[in-house]
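In what follows, chain A forms one complex with chain B and a second complex with chain C.
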Partner chain A sequence: MSRLSYVVRRMLLAMFVLFGVALITFTLTHAISANPVVAFLGKAASIHPEIAQAYIERFHLNEPLYIQFWYYIVGVLRGDLGYSWTRGAYVSNVIAQTLPNTLQIVFFALLMTLALGIPLGILSCRYYNRSPDHGIRAFYLAGICSPAFFVALVLLLLFSYFLRVLPTGGIISVEVARPQRVTGFIILDSLLEGNWAALVDTVKHVLMPSMALALGNFGYLVRLLRSSLLEVMQTNYVRTARAKGLSERTVFLKHALRNALVPVVTLAALMTMWLVGSAIFVENIFAYPGVGHYLAQALGNLDYAAILGITLVFTTMIVLVNLVADILYTVLNPAIEL
Partner chain B sequence: MVAVVVIAVIIGGTAYYLSIPPPTPTKPQPTIPKLLVIDHNMYPITSLNQLLDIQMLPWPNYMAFTHFQTLVSVNLTSYFKEGRIEFLPCLATSWEISEDGKTYIFHLREGVKFDNGDPFNSYNVWVQFYGFYWLASNGSNFMYGLSLFDVRNVEYGPATVEILNRSGLANPTTEALAIMEDKSWPIYCEGPYKIVFRLAVPFAKEFFFGMLTGHQGLLYDAQYLLDHGGYGEPANLNPYFNEHVFPGTGPYKVDEVAVNSYVKFSKNPNYWGNQLSKAEIKANAMLDPGHVDQVVVNTKLDDFTRYTDLATGQAHMAAILSENWRLVKANLNFSYAAFETPARNIAVVMNTVIFPTNITKVRLAIAHAIDYDRIIEQVYFGQAVRYFGPNTPNYGTFYNPGKLPPYQRDLDKARRYLEEAGFPNGKGLPSLELKIGSGDTIGMLFATIVQENLGEIGIDVKILSLLPALINAPVGSYQFNLEHAEEIGHLRLNGGYAPDFLSPSNFWLAFVSNRSLWGNTGIYSSPKVEWAVDKFSQTANTAEIIEALKIAEEQIWNDAPIAWVCTTKLWMTAGSYVWDNRIVKSVEFDPNWTGVTDSPLFNTVIFVGEESP
Partner chain C sequence: MIRMRRTKISRFLKLYTSNVSACVGFSIAAGFVILALVVALGGYWVLPYNPLKQNVGPAFSPPSWEHPFGTDQVGRDLFSRVLYATPNALFVSAVIIGWAMIIGMLLGSFSAYHGGRVDEILMRVTDLFLALPGLILAIAISVALGPGLNNMMYALMVGWWPAYARMARGEALRISRYDFIEAARAAGLGSGKIVLNHVIPNLVTTIMIYATVDFGQVIMVYAGLSYLGLSVQPPMPDWGAMVNYYQGYVVSAPWLPLFPGLVIAIVVVGFGLLGDGIRDAIESQT
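The block that comes next holds the complex of A and B.
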């Protein structure tokens, strides 16, 4: 099957997945409370019942659930994810504002995970069952055992409270001029604008949240790469490469590492989604105005449209990331067929 | 040999160290930052877009009196230091009140401009109030849900807005003036600097002025509203104003809104009070033009993050909650806000409709079993005072006029009440449900104490932790509560409810009246209490009202729908605003706990080394 037809087939399948996720999330969220307007408006719903009624009519809340779902799906197909009452704005607009911030954290967290995980995985394999291997294991196990919010608090204590080298939170310092919004990614926008002060400042702000995520995740990568490398190093083709007289370096880099990285790509894809999920806690601690920050608000206030919209966007991301991972397999190992 | 050298070095080093004289304490140098940084625990969406005020309580609101001002303001000195509510001129310089308490005429301050240069006049005020009317779907209850006005002749809607759009508010056209000066409407202008409110019922000054200092009384630039798309619809408000805050007349203007991150303010060059004398500021601290050029209010959800900011100098003030309160208490460099006339009421509300809390003696047993002192000590760090409601001690003469004592823990008495109710040692009673919001650690601590206390007299309490939104879902007006009595449960903790506006009628209407629009989770109603509550809208004679309240309060004491626990001195019940006392010398707070704000009036921050006005 050609790569294009594979992608098309996967995208069609994704439509069903998204529909299913929307249906389940919609049903579950609406099953929680009979009257979301009361849950949202609180006392205002009884002080101003006419306002509550206006909302009920606007969002078809007086219609049966399946009709409400129909309106929702039609809206989604038009690009309208609904109205977020906690933010007084359309969900798609709020997500467009906040998602780049989350992706920024996730991107840096992934970079840090790879930058830590790959060299340590290689070292662990090279020094299999020796002191460096044991030391690395202790390090990553500490990371794995610590939830992201705990790591975040430790980092906060270390870098902000004691060392005072990194800001406690936010996305940019107030005294630094914000770059013009072009891509929505504030670091990239700073770079595009040549606003070096903003670039340095925004990178400083993203470091701790990303680090908090990376420290909890890199261990999985180290473990996987280590075992994958150990397995590959025992294979016939590595033995053949050595027998051909290739240097150990060439054998390792060209033959062993490349093949050992295939499962790492799968893990990195999965990890991206873990990172997005964990970002919810980290964003709240570091006051990073990402989609996790928004989701926390939405969950607390039963902001259905926001919960649904964010779930759909996350699902779409999962589908896309997995698709990219599948395609990457074929790049890393042409023997794999789609 | 080496050992000798090492010992010699250690001894020599110690001797040298001990010979250094200890550093002499130095007097702190005046430190006035260019930028005042305040860390808050939530993003104030409702405060930024004033239109949302009709739907939600704008809390916190650090725009109140720093950016937006009201016609009258509360005298902070009399309120906080003397326990007396008094109102001072603000955007209105004087007023006239008719004898029947139905007509209020305000003479507005001339020459006032909004921070964008638009003139402030009576037409602005008029558009704002009818804006609320329109957003409340033309309801007569557009002021805090109270039906104060007769709106039968009012026709305010898109057609009126169209006329106003064509006219503008600086120099209205004859067509626009014909509407704004129409005396058949309950609010009307008499020229650019006089506005009249004609109420349908008498409402004493203490009540009406209290409402005007609340969040619906914060005045914004209505011309800006007209220029930027208008109100929107009642269920679809214009979102432009979420990030483009209305110009205000206050000492600070909003420079930047970074959604969910921060709001940046700077001094308002157009502020009418920039030239006020020290004596004038002393008389009304709310009018202080401010002492620092720029102010940033950060949104930081995590308590430890805010504490770290404060401890490392990244913030000068921060809202610190119970999680880190002990750290605050241990740090001598921190001062915090605590008040002797507290208004946040803490109570255990008992459902008077469902079995067995519908039995008065069961409720009295519960009220006498609770260990109030332990709750105050363990939950509120000892920073609370006992009281008997519904009004809180901040209401001066309107607080507990009959001087009734708060319920006291007396287990023998509690057991006797239970026995008299037919449940000796709690035998025959079902488990009582007590619902609290998930993640509410303070509520959980409070609930477990109540559970333990009631266990001592044989009442089993089941604590249910639910999403906060679900806790509130079955709560609404008295009638709504009556229909959802089972869902409300037997017991509810009132963990810091505060008035919507500074009016002595607010708590009475909210908690113990069958006209309650929100708050009467006890679903309590009594003819004597209703008779007293009626007085609020029957007479402007406050002495008569107070006499009626005395009788009603006695009835409430005997019926015990609510076990009034305490009112807290700390600003956020189990936490408060904290500041670095090496930089900040003092700050004033707005007295309307939730109705307007929980936030410091940052224009009143006096820095160390500065002279107080």
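The block that comes next holds the complex of A and C.
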């Protein structure tokens, strides 16, 4: 199979998955709740009957389910995810405001994961089955196996109450002037504006949530890199490189590590799924105004429009990363059978 | 044949027990299962205090001999509350894993045995489900169904079987090539009988090993959903829900959110070590 047809097939599957998620969540919320107006508007339906009436007309709630679904999908394609009564705003607007914040911690978490995972993976391979390897294993197992909310609480106690070096929550202190909204990413915006006070303050707020995510994540990287390095070190080309008289350093960095990093790309999908999922808990503990925090709030208030919208946005993110990782993998490793 | 099996098992046990972390994992997992069964059967009687009763001790008393995990803001014993929630965790993981194993093995082995178009269609459907983001979808479904332990389990069931189906299919493909399958077919057995009586019994072990490692994962995801308030409702205690409920006291009474969280982590580590130990012992045996 050529690469093009592989890419097309993967994209079709991705579209199917998105459609499937939309269908499942939509059908469940509509088929199970007795009154879809209540499902969409929650308590607001009884408080404001005129909004309920407007909703019935706008979402064609007096029509059969498949027609409603058609209208919902058309709305989604236009970027209309419905009205979120917990925030008193359109779901798409709230997501547009909160998603950059979440991406900010996910980005820093990925950086920390790489910064922790790659050196520790190399160390575990170097000291295979000796005490550093066992120590690293214990460390990452503790990270992988602890629920994200537990790690977040421990960090909170450690850095905010015992060491008193990091703020307990939020994204920027009240007394610091926010930068003008350009990209939506506060760190980027304050960089663009040259607002150093806001930059430092935001980085301080972002540090702990990102750390909580990275601690639960880096173990997968260490484990994969370790086994992949161990495998690569046994291959003939590494033996050839050694036989050529190259230094052990060159053999390791140029021949072994580079090839061992290829399977790590496949981990990107798993990691995104994990990071996005854990962000819900971590943001909730640090009162960090991201999509996860919004989702937790929507769950508590049964704000269905928001829950459906966030589910779709998260799924899209995961599916996209999956797609890119799969395609990248075929580029990095031409030997793979498509 | 029987003797060969016995030596194989004793060699496996020898390899397994020589691995310290595997033994730790086994003790944790066994302790958890036994505790959960005892609490499930005994109810309030086996617990030091009634987990729902207020003022069994002074409010906010830190961990002590009387209250190993301390007490909460209305004087309930946290240790009893954590213990009382163990059957939930065992029940949810056993149901989810059991369901995933049954569906996965049936689907995977029928798919592999039939081959052709049936296989193609079933595996595409499996791929589709495998690509769904598990936790997010589980959250959305359990919200739609309404919070509660049973609804949360239905939500988890949707996304948990595809990995098992994939694995069972791989194993079944290998098994279908053996002569005894050919012999069964020659003896005139129908495909249903062959799959149930000859294919599935031969892939159960592989699936069981995967399931042991997976057990901890179910507990972890379940704790997450419970944290979000989608599992049993208060005042009934639940591990994840307790962390959420008590997280406001993290500074004034850190034991309240930390102990339930720590218990989840220990149980998940236990199952992880158990599964790794079994896999290592089997791998070094062959």
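In this text, the second predicted complex is superposed on the first by the 285 of 338 C-alpha atoms of A that agree within 3 Å, B and C clash if a C-alpha of one lies under 4 Å from a C-alpha of the other, contacts with A are read in each partner's own complex, and residues count from 1 in each chain.
FYI, contacts are C-beta pairs under 8 Å (C-beta built on N, C-alpha and C of every residue); 3 or more make two chains touch, one makes a residue touch a chain.
Note that the structure is predicted; figures quoted are calculated from it, not measured.
*Asks:* Which holds for A:L295: it touches chain B only (first), chain C only (second), both, or neither?
*Replies:* second
*Asks:* Of the two partner chains, chain B (first) and chain C (second), which one does A:V251 touch, if any: first, second, both, or neither?
*Replies:* neither
*Asks:* Who wins on chain A residues touched, chain B or chain C?
*Replies:* With both complexes superposed on chain A, more residues of chain A are touched by B.
*Asks:* Where does A:I136 make contact in the superposed view: on chain B (first), on chain C (second), on both, or on neither?
*Replies:* After superposition on chain A, A:I136 lies in contact with neither partner.
*Asks:* With the two structures laid over each other on chain A, which partner does A:I122 touch: chain B (first), chain C (second), both, or neither?
*Replies:* Neither: A:I122 stays clear of chain B and chain C.
*Asks:* Kindly classify A:I307 by the partners it touches after superposition: chain B alone (first), chain C alone (second), both, or neither?
*Replies:* second
*Asks:* Does the superposition put A:L153 against chain B (first), chain C (second), both, or neither?
*Replies:* After superposing on A, A:L153 lies in contact with both chain B and chain C.
*Asks:* Pick one for A:A22: touches chain B only (first), chain C only (second), both, or neither.
*Replies:* A:A22: touches no partner chain.
*Asks:* Pick one for A:V264: touches chain B only (first), chain C only (second), both, or neither.
*Replies:* neither
*Asks:* A:I280 contacts which: chain B (first), chain C (second), both, neither?
*Replies:* After superposing on A, A:I280 lies in contact with chain C but is clear of chain B.
*Asks:* Shared contact residues on chain A, chain B side and chain C side combined as an intersection?
*Replies:* 32-33, 153, 156-157, 161, 285, 296, 299-300, 302
*Asks:* Touching residues of chain A toward chain B in the complex: what are they?
*Replies:* 32-35, 38-48, 50-51, 53-55, 57-58, 83, 86-90, 97-98, 153, 156-157, 160-161, 164, 167-172, 174-175, 178, 284-287, 289, 293-294, 296-297, 299-302
*Asks:* So in the complex, which bits of chain C are touching chain A?
*Replies:* These residues of chain C touch chain A: 127-128, 131-137, 139-141, 143-146, 158, 216, 220, 223-224, 227-230, 240, 243-244, 247, 250-251, 254, 257-258, 261-262, 264-265, 268-269, 272-273.
*Asks:* Which residues of chain B touch chain A in their complex?
*Replies:* 35, 37, 43, 45, 49, 52, 54-57, 135-139, 141, 144-145, 233-237, 239, 242, 256, 258-262, 264, 296, 298-302, 304-305, 308-309, 311-312, 314, 467-470, 472-473, 475-477, 480, 517-519
*Asks:* Hey, which residues of chain A end up touching chain C in the complex?
*Replies:* Residues in contact with chain C: 13-14, 16-17, 20-21, 24-25, 28-29, 32-33, 141-142, 144-150, 153-154, 156-157, 161, 273, 276-277, 280-281, 285, 295-296, 299-300, 302, 304, 307-308, 311, 314-315, 318-319, 322.
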